[in-house]
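See below for the structure under consideration.
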Amino acid sequence: MNNLFTAQDWNAVAPLFIVGCVALLVLLADLAAPKHANRYVSIGIGIAGLAAGGVYAGMQYYAPAYDAFGGGFINGGFTIVFEEIIIVAAMFSLAMCANIGRADRMAGVTALILWSTSGAMLMAGAANLMTIFLGLELLSLALYCLCGLSDRPAAQESALKYLILSSTASGFLLFGMALLFGASGSVLLSALAAPALAANPLYWIGAGLFLVGLAFKLSLAPFHVWSPDVYEGAPLPITAFMSVVTKAGTLAVFARFAYGAVPHASSSPLLIPFFIVAGISMIVGNLGMLAQTDIKRLLAYSGIAQIGYVVAALAGTSALGVRYAIYYLVAYTFMNLGVFAIAALSSSDNEEGSRIASFQGLAHRRPVLAAVMSLFLLALAGFPPTAGFLGKILILSTNVGTGFAWLAGLLIAGTAISLYAYFKIIRLMYEPHVRPHETVRAAAPLAYVSVAVCAVVVIVMTFYPFTPSNVLPLVK
Amino acid sequence: MSLVLILLPLLAGAVLFALPATDRTASRAIGCVAAAITFLLPLVSQGDGNVTAHWLSRPFTASLHFAWSGISFWLVLLLALCTFCAILSTNMNRPRVMIALLLMLEGSMMGVFTARDVLAFALFWDLMLIPPFFALVGWGGHRETAWRYLIYNFAGGLLLLLATAAFGVIYGSTDVIGTSHQLLGAWAPWIFAAFAFAFAVKTPVFPLHTWMPATYADSPPPMVSVVSAVQSKAGVYGLLVICLPFLSAAMAQTRWIFIIMGLVSLLYGAYVALVQTDGKRVVAYSSLSHLGLIILGIFSLNPIAIAGVIVYIVAHGLFSAALFLILGYVEQREGTRSLTRLGGLGAHNPKLAGAFTIAALGALGLPGLAGFAGELVILTGVFKAGLFWPALIALIPIVLASAYMLRLLQDIINGPEVADIPQRADLTLTEALALAPLLAALVVVGCYPHALLSTGFSAMPSVAAAPAAVVGERP
Amino acid sequence: MSAYGVSHHMGIDGNYPVLFVIWLLPLAGAILNWAFGPQLQRMSAWLGSAVLAVSFIATLAAWGIGTQSSDGALGAHQALFSWFPGFNFGLLLDPLALIWVLIITGVGFLIHLYSIGYMWSDSAIARFFAYMNFFVFAMLTLVLSDNFVGLLVGWGLVGLASYFLIGFWFFKPTAVAAARKAFVINVVGDVGIMFAIFIIFARIGSISFADVFANPHALDPWLFWTCVFLFIGAAAKSAQLPLHTWLPDAMEGPTPVSALIHAATMVTAGVYLVARCAPLWSASHDAQTLVGTVGCLTALAGALLGTAQWDIKRILAYSTMSQIGYMIMGVGVTAYSAGVAHFFTHAFFKACLFLGSGIIIHELSDEQDIRLMGGMRQRAPVAFWAMLSAVLAISGCPPFAGYFSKDRVIYGALEHGYVWMWVVGLITAGITAYYMFRLFFVTFLGTYRGDLDPASVGVDREEHAAHQEPHHAHAPAWLMAVPVGVLGVFSLIGGWIMVTPSSPWAHFFAQSFPRETLPPPAISEAVTTALAIVMLLAGAAVAYARYATAPALADAPERLRRETQTLPAILVHLYYFNELIDVLFVRPARAAGAFFSQWVDPHFVDGAVREVVITNRFLGTLVRSFQTGLLRAYALIVVFGAACFAVYYALAGGAR
Amino acid sequence: MHASLLPAAILDYISLSFVIFAIGVAGVLLRRNPLIMLMSIELMWNAANLLFLAFARAWLNNAGHIFAFLVITVAAAEAAIGLAIVVVVFRSRANVDVDEVALLKG
Amino acid sequence: MIEFAILAFVLIVSAIFVITASKPIYSVVGLLAHFAALAVMYFSLAAEFLAVIQVIVYSGAILMLFLFVIALLSSGVSPFAEGPNRLPKIAVPALAFVLILLGFCVYAAARAPVAANAGAVSASIAGPVGAANVFGSVGDFGRALFTVYLLPFEITAFILMVAVIGVILLAGDATPYVPTRRRARLVEREMREAVLRAGEE
């Protein structure tokens, strides 16, 4: 009984357990820490814990893939890459907390962020329906609370909306899982690839409802309706966290399902609707950006479109596709978080720097910051020399190669639409007319560091494209 | 070596921001030196400054590969020269920023012209949209002009992206500029269509030109002189180095579409230029007309015509840059560009009048100047390719050109002096120096286009490879 | 030796520095005068003239090499450079070119000399001489070039020079307009030559005369069209119908300009072109007919217009047009040496007439209307005698120069079987005599009318005022008198070298032009001459009767006024050519431009773009209109999507 | 006990849970009281649970039981958080009609 | 079979009652009935442990929470007063359509041939109910939970922690609070202004 699971099993899940347990450590430390410093104590410990988890996971990167806990969790390149993405995003979000939100709540917030992170990390490796479900719920439950953690009525509203809608979606997901279980008689994804299932309607309906749940979490149109409101309402760092972590985790699950749990996937019509909604969200997301006045809301729509691009890369489930999806996801992580970090920097109490108007004339107040901001926006718009540019090239070539040219076309159309929205902000920053100086809080150096890191990565990735080779999402 | 051409201007542009915002002389000096170096480097250095670094191996081979061989050489020189003159003549509020933008523009366009890799080409292609956009935001009169310029050209850039990806996947590598290989198969026409759209927008060609007059009219003179002189050539350059060597079969299939588009641009631009009252718009529409001729020349798919195209690219660059700079001087002095308000400047500004006259004559294709050499050789080739009517029709705009160019020239410098404009002083030494090289080059190229022509002939490997129907020699 | 008596390789290849002297010296002068004008001031005038003098002497020195010949190669050929195979450039001095070069430099020198006096007090004298030298350079480029493209370059450059000089006084709106008109119409001609070049290169693969003329029939079936397009160029440059309208307006320029460019040299470039392309014309009978016809009609039309003008320079302009009509007719019907001969003599007497009238205009401080002249004999004796000689020459009175050449042309037409041209030519000779003597009598005889009220002689002031040249102080008289005198003398003796068919002249061109042996026509040359003299006397007599009899001189003002009112409208309005061109070309072009720029561009082309933008905006609002903020609405949307999914999968999964 | 441990055909369970699920969905869509919405969600989840157990029985695979157990746990946590949020929202406004909670839109 | 029919009937009716009840408190009662019926059905599916859990956790814990919150909110001013229905008109047909689609799914699923052979009764589960290592028994369940499915079980720990900490943070530190109409109006206005300010750019 006690030699049922070997050390290998525990190694696989150790990173997420480290992160989860550090959360408890944060809570304890908060009791001990002096009141004036507790904000930084919590953030410090949190980031340290995340780093530890990241390092631990990273050390196993080159080990061959294997599944732990009887297929509950698969460790391997794919899992670890996603874990790293998630961890980095969590770190940046914590760094942003440095000057936003109430200090006395910081410990709890940090803990919740960490648990949410560990939930996403679980999704990254989850290979059976239970772990998928639990990871998803761990991630979401923490996020419901985090969204509501502000005195602004908008925040509470966003929490309520997120909770109700997300639970409904989870209902669909769960029901789908039940049907999948019924069809295959097993909760393992690997069991779902059995060719016999291709003819089983239970399997099909189950897969359908399952994908609905994933599409909701990825906020693909038309399941995106929640994200603009929630992003706008939630506190800035939480929005940043959500915009990457939720999507990364869910994308990992989807990739695993698409690559491992679909009978002869590349030719099967089973995934087509998912790619169709990806295409729709490229258009819808970019259109939604056009007349926004709140940067968080704008980024919500932008995220809808961007994740559409990422999913498009998986169309045809080619071996290269997943690598480019990861490349673009990483690019998206950094350019997106870069914008959030700058918004956090230029944030003041009354409005968390989230009103686009507050960027007006930024180039005259803080030229460097404005330049970097422009860089991130250019990247989101797919302008060179940024990772966004190369990422689009890679996705386009995948689509052309796998015969999904229509997705490529939609990608082009969507990007063309998005240009105006992104450049509107740039123009605003460089407009000669300067509005009265904002009361900008003295920001923590941490925030500057994260901005710098994002900027460097976004450029470097263009010329040293990072497309790891051992990231095929195996299920067995 | 050729990386210097790209990085030096960019760095110089960045350095300028260290200077005080109102500084003019220092930034001008730095800018001119940088531009001068980029001009001299290809001339003095041996070889073609080949630099290459691996970039992608999947989904297709791509490398950061730059060199200034072939057509690139001339465009690099043209670009450096125009930038030099533009910087020298920069004389407006916030000069430092303008010069920085000019340098960044030069750097990015150096990338376009020296890239040996289609992906790198596409990268710089988009990059070179940004400085003019900022110039329009900072100095332009109307906000929507900037949008129109950016979105229109970026739409083209996106299709270029798509085409590049498809090209890479089909051909396996994008490190191809300078080589030649017929791309056949079902994809080829679509790839060509995407490329062609991007290039046609940039050039621009008739139905896709509406971003151009507004942009040229609104941009500050130094910027527009470079944009019209060199940036508009990027499209033509793309057609020459990407489409001709790889897709000339597809070009041959669709040539009539483009020949007609070219002819329409020729006539349309000329007729519209005939009635414009804004000096800059006259030149803008004349550019539409002239570039129509270039398109016609390219799609005649005849070696002689292509050789002429090379000459005409340079020629148009020289005289349009000069014209825009001169109009800039005039506007700066007299505060207006309206042909109806200006007049009689020649009496007090002989230097201005002289320079203006030479530039205008170059534009209307006066024999002995570069424009004429280009027109003549292009149309000779077009006719030789068996395109009788296009060659004949293409002669009408030449007559119209003399009409509208003389109108532009005479309405500004001839006639009795106009009372209600300031009539300020003649060209300063700097301004004259900024024009001199352009006009001198106009004459030299007009008499001795040999080198350009030979480049043009060597730029045509694919036509030899292409089916005989393409080359359409008269039987 | 081809069948056409023209050698394959025109000119003996070699290095001929003298050609460069002749050719480039004027350019040097132009550049110097242009660059250092402010410093040189009047010195530039002497510099410019000196340059021409040297160039002329060099030409005389080059006589030998220009006329040398060995195994059929005639003249001197200097290779320059090549753009690409088939586009080879070079200089060619053969007898034909030599004649032109002589006139250009020789007469050019005299006119330069004259201009010193004429432009003495003009502040822009340096610019003037720069332009003049530049013109000479351009004209030399035209005639010395050994290929069509080089010729076209010169063709364009002389057009430019003429543009500069017509618009020399650029503060005069009329001058500016005239300059533009001249240039644009000349570009039409350039374009014609360009197209001819396309054909030639496409068919023959070379642009050099030698290769083209070696076998003109290589151009078939395009030979005729090549000639037509070439002739479009010739017609534009030489003011042939219907492209002549710019020439009278060109009189806006200073008088020496009219003399040099619009009388002696540039306008005869068309004649040169046809003569130069003799092999082509000889090979295409249709082309001969066409060109001969056009020339003949132009001669008549110009002469008729000459009878109805009052502005002294415009009368001369139309007479130029008419005389060039003769030349074109001559070369057109392949009587090449005759046509060229008429160019030769015409250069002298027409230059003389212009310069003489220049003296008068000068004398009367820029009055150009002959109705306000009269009695000039006393005030300008030199002009009187010189112009008398020139008038006799132009109206073809033996033994003056014009007599020999004009007879050759008229008889040439007959020789080549164009009887009606012969008839028209004779009639035109009569008309010419009439209007030239009219000019002469009204200007020189009688009493000075300048102090009368202009209206009393029928002068319309506004239209008249436009033709004022700026007043300038007087220069040393001999500066202007000498050239006029010299030209007067040449108007007398200039034709003596071409008296008989075996004259030096005929011998001179023996090898240049295709030799043809024609059947002798029904009417002999003697008869032609006799008829010509009769016509001359008739014309002169009518003129005498109307303007020179004692009573006529007595009430000259009254008669002039009446004549002014009774002139036929069609002549006064120059056959409505300007109006016609305006309606047919200018207005439509403007209309098209306005239509495109005010309707097509903003509404049609740009409209499409704007539609896209608007659609995007609308879609954006549509997307955001789903974000009602209502939780249940969101739930509905999500469930809706979910239901669609479920149905798709239920169906795709095979549950029926 | 022998008679039939699975008292009905599996299809009946599927249909039943589908119906309950649909009722739950309808509840979310129709009601404007967040509490009742939460209850409807509980209905949906329980429908899923029922399905899990039915299939577990059908396959004789107790993974379904574990799954249902986990779902119940999560449902408890989710209900707790949900109710807390409802309370917070209620604090800032005097009532909890979700149609009144529409600050964020566009 | 018959007991299944009865249970199904009870389940459906109670579910409908839940979503139609006029007062939340009635819904809770309906839900209670629903859960009870479910427990019975679980039992009939040989999942005694789950049946027990269902009763304890759901009926015992979760429903109590609901009741508690209802009680808490009822101290306010008309907590469950419903304003005008703001759903756009389009919602009605859309809703109808959705329900039809769902109905189709039910139908489709019900017609679906299932690979799993219904009512496969293997001898392995014969034996006294409740005995260990019999399918569905506590022992069987526990063994599975702590061996094969250990990882999910561990994760639930985090989930419960999240619930605890989250709820504390959300509702914990609130000062005692008496909602009144006036105060509600104040909040409303303040919020609308905030939105307008953000919206005007």
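Order of writing sets the chain letters: A, B, C, D and E. Residues in each chain are counted from 1.
Going forward, a contact is a pair of C-beta atoms (placed from the backbone, for glycine too) under 8 Å apart; a residue touches a chain by one contact, two chains touch by 3 or more.
Keep in mind that this is a model prediction, so the values were computed, not measured.
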Original post:
D-E versus C-D: which has more C-beta pairs touching?
Top reply: D-E
Subject >> Whole-Å separation of chain centres (CA-atom averages), chain C against chain E >> reply: 100
Subject >> Whole-Å gap between the CA centroids of chain A and chain B >> reply: 44
Subject >> Centre distance in Å when chain B and chain C are each reduced to the mean of their C-alpha atoms >> reply: 36
Subject >> Distance from the mean Cα position of chain E to that of chain A, given in whole angstrom >> reply: 28
Subject >> Contacts with two or more other chains, residues of chain E listed in rising order >> reply: 86-87, 95, 98, 102, 105, 108-109, 112, 114, 116, 149, 152, 156, 159, 162-163, 166-167, 170, 187, 191, 194-195, 199
**OP:** Find every residue in chain D that makes contact with two or more other chains and list them.
**Re:** 10, 14, 24-25, 28-30, 32, 38, 49, 54-55, 58-59, 63, 66, 70, 74, 77-78, 81, 84-86, 88, 92-93, 98-99, 101-106
Subject >> All touching chain pairs, where touch follows the definition stated at the start >> reply: A-B, A-C, A-D, A-E, B-C, C-D, C-E, D-E
Original post:
Inside the complex, what are the residues of chain D that reach chain C?
Top reply: 25, 28-30, 32, 98-99, 101-106
Subject >> Residue ranges of chain E in contact with chain C within the complex >> reply: 86-88, 91, 94-95, 97-98, 101-102, 104-105, 108-109, 111-112
**OP:** Write out the stretch or stretches of chain A touching chain E in their complex.
**Re:** 1, 4-5, 13, 17, 20, 23-24, 27, 68-70, 72-73, 104-105, 108-109, 111-112, 115-116, 118-119, 122, 130-131, 134-135, 137-138, 141-142, 144-145, 148-149, 152-154, 179, 182-183, 185, 196-197, 200-202, 205, 293-294, 351, 355-357
**OP:** Would you tell me which residues of chain E are touching chain D in their complex?
**Re:** 1, 3-4, 8, 11-12, 15-16, 18-19, 21, 24, 27-28, 31, 34-35, 38, 41-42, 44-47, 49-50, 53-54, 57-58, 61-62, 65-66, 68-70, 72-73, 76-87, 95, 98-99, 102-103, 105-106, 109-110, 112, 114, 116-122, 124-126, 129, 135-136, 140-141, 144-145, 149, 152-153, 156, 159-160, 162-163, 166-167, 170-171, 174, 177, 179-181, 183-184, 187-188, 191-192, 194-195, 199
Original post:
Tell me, which parts of chain C touch chain B in their complex?
Top reply: 81-84, 87, 149, 152-157, 160, 167, 170-171, 173, 176, 179-180, 183-184, 187-188, 190-191, 194-195, 197-199, 201-203, 589-590, 592-594, 596-597, 600-601, 605-606, 608-609
